[in-house]
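Some structures are shown below for you to check.
Next come two complexes, and both contain chain A; in the first it sits with chain B, in the second with chain C.
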Partner chain A sequence: MASLLIITPVEKLQEKANLIVRSFKDIPGIYVSLDKTQKSIENILKKAEINTNNLFFIDCVALKKTRDDVLHIAPDRLDLLESAVSAFMKGIKGKEFIIIDELSTLLIYNNENKVAEFVEKITECASQHDTEVVALSPKTKGEELLNKIFNFFDKVEGR
Partner chain B sequence: MKKILYVEDHRDTAEAVKQMLEETGYEVDISFHGKDGLEKAREKKFDLILLDVMLPDMSGWDIFKTLNSKKYNAKYAFLSVIPISTERMKEFKKAGISDYITKPFTRKDLIERIKKILK
Partner chain C sequence: MKKLFLYSIVAFIFLMEIISVQAASNLEVGIHDNYKEVLAGKDIWFTIKIANLEDTGKVDISLNYWISDDKNSIIAENKETTAVQTQASFVRTFNVPINAKPGKYKINVKMDYGDSKEIAAETSFNVVEKQIDNRMYYIIAFVAVFVLVLIILIFSYKKMRDLFEKLQIKIKVRKIIKERELNKK
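Up next, the complex of A and B:
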C-alpha cells in the first residue's frame, strides 16, 4: 500500500506515530513534524526506544536552524515542503516511508484546495518511488475536516 | 465599546457567537468570507479579529498575515476544530496571535478568553 491516512483521537496520535515509525524498523524515513518540534519528537521516539538513525526530520514548528540534518519549513510553504519531500523520495533508492504528523495542521495555514493539491502530488510521487506515505490527523467533533483529502489516500483508517 | 470582527463561514456559528458577544457588551461584525473580512477590516477599526481557520476562499492565517503585514493594529484569535500542541501555540503567540480557541467551546469559556484578550 502506498498511502494511508490515520484519523485518531488527539490523545492517541503520538502513540500511533510511534507505532508507525517502529514498524518501518531500518527503512529510511522522513518525519514531517507539523505540531511538535523535531527536538520534541526525537525525544519522544528515543524515550520509546525507537531508533531514529534512519529518520530525516522536517520541522515545521521551530523555524530556526539548529542542526544541519534537520530541515525547517514554514507550514504555509507547501511548495517548499513538496519539493523537499519529493527530493527525498527521488534521492533514496529502494523502499522508504514518509510520516506526516499532523496533516490537519496544514489546514490552519493553507486553503483546503492547496492542501488537497499537496497531498495529491505527494501520494502520486510516492506511488512512483516505492514510498509509503502515512499521514496522521486528529478526530474532531462536528465538522468533516479532511473531506477533500480522503480521496488521495489508498486507505483511510478511523474515519 | 470594544469592536470585534468575526470571520466564519458557518452562518449558524457566526450568528450564535455574535449574539453571545453582543450580550456581553461588545460590538460585533461578521463576515462569511475571507475577502469580505479583509474589506471590513479596511473600512473599520476593530479591537479584536476572530478568525475561523478554514474558510472557503482563504485561510484564517492568510487573513492574519495580510492584516499584520499592513500593520493593522488589532488583537487576533483563531477559532478552530483542529487541536494544536503547546509548541504550536507558542509559535502563534510569537507571531502575534493572542489565543487559539478550539471548537466546540462553551459560552463561558469563549467570553472569559475574549475578555482576557481585550483586557
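Up next, the complex of A and C:
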C-alpha cells in the first residue's frame, strides 16, 4: 500500500487532513492526533460533515481518558505509539488508513532520530498490511526531520 | 620489660592449668590446652618445671629443649644454662617452623646438673592446618548473588514495565476494535 507525506503551510494543515479523511470514505482509519485533542478533531470533522464512525483515535494531547474507544498515549512514548498503531493495523480486517497529524509535533518530545525511526517502523508495518499511511507536516517546522524521512514515503507532496 | 611482664602472666596461667608429663624425676614440661594445637609459623608456649633437686644449694643446670617430629627429627632447638636452687619454673617459647607439616610433635627437655646427672621430660602437641571458615564464603557468595540479582532487577524493571505497557495497549486496541465491530452489527 501507498504512503504519503504532505508538507503544507500550517494554516492549511487541517483542511488537508479533512480532505484525506473524506477521501477514505467507508474505510476504517487510525487518526493519530498530535496537536489537537480527539474531541477537537472530531468536532472539526463533524463540522465538515465527515463521518467519524470509522475512525479510531489515538490522542497524544489529552492524556486523561475521555472515551473508552480512544487511546491516550504520551507523545514521548514512541514505543507505545508504535505498538498501538501496529495493533490497530493488525486488528482491523481489510483495508485501512492511518493519518498522523502533525508529525513535527513529535520533535518537541523526542529527538529527530527517534522520530525518524518511528516513521520508518510505521511505514514498514503499513507496507506489510493493507494500510495507507498519510503523514502531515507544516512547511516551516522540522526541516531536518523531513530530510530524514522523505525516503520512507512512496510519495511526498509540497516539497 | 614488656616481654618479661608478658612471660610472667603466661607463666601464671600455665601454672594454674598445666598438663604435664612427669618425667624421670624433678623435671616436668607442660603445654597449656590453648597451645595443644598450633599452626605452622606460630609460637608455642610451654613451661619447664624443676623441683626437688637433690642439692640444697644453688646448682648450675644446663637445659636443652627441642621440638621433634614423629620421626624424631629435630625441627627447632635451644640450649641455656642457669642456676637453680631446689626448684624453678620457666616459661619458654618456640616458633614452630612455617614449613612444619600437620601432625604430632614433641617438646623434649633434657636437664644436665651436678656430676653428670641427667634427666629428661617430654610432652606432645599437634601442628594443625588452618581451618577455612566456610561460613564466611557462603555469606560472601550470598551477598554477591543478592547484589547481582538486584542489579539485574533494576535494569530489567524498565524493560518489563515497557513490555507490560505494550501488552496493555494491545489488549485495549483489540477490545476497541471488537466493540466497534459489535456496534456495527
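The working rule: the second predicted complex is superposed on the first by the 153 of 159 C-alpha atoms of A that agree within 3 Å, B and C clash if a C-alpha of one lies under 4 Å from a C-alpha of the other, contacts with A are read in each partner's own complex, and residues count from 1 in each chain.
Throughout what follows, a contact is a pair of C-beta atoms (placed from the backbone, for glycine too) under 8 Å apart; a residue touches a chain by one contact, two chains touch by 3 or more.
Keep in mind that this is a model prediction, so the values were computed, not measured.
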Quick check on the chain A-based superposition: chain B and chain C, clash or fit? fit
Using the touch definition from the top, say if A:130 reaches chain B (first), chain C (second), both or neither. neither
One more residue to check, A:36. First (chain B), second (chain C), both or neither? first
Answer with first, second, both or neither: which of chain B and chain C does A:105 touch in the superposed model? first
Determine, under the contact definition given at the top, whether A:69 touches first (chain B), second (chain C), both, or neither. second
Between chain B (first) and chain C (second), which does A:79 come into contact with in this model arrangement: first, second, both, or neither? second
In the overlay, answer first, second, both or neither for which of chain B and chain C A:87 touches. second
Specify the partner with more touching residues on chain A, choosing between chain B and chain C. B
So, A:154: does it touch chain B (first), chain C (second), both, or neither? neither
Considering the aligned complexes, could you tell me the closest Cα pair distance between chain B and chain C in angstrom? 17
Chain A residues contacting chain B in one complex and chain C in the other none
Per the contact definition, I'd like the list of chain A residues that touch chain B in the complex. 10, 35-37, 40, 61-62, 76, 104-105, 107-112, 138, 140-143, 145
Would you mind writing out the residues of chain B in touch with chain A in their complex? 53-55, 57-62, 65, 78, 80-85, 87-88, 91, 103-104
Contact footprint of chain A on chain C as seen in their complex: 162, 165-166, 169-170, 172-174, 176-177, 179-180
In the complex, the residues of chain A that touch chain C are 56, 68-69, 71, 73, 77, 79-80, 83-84, 87-88, 91-92
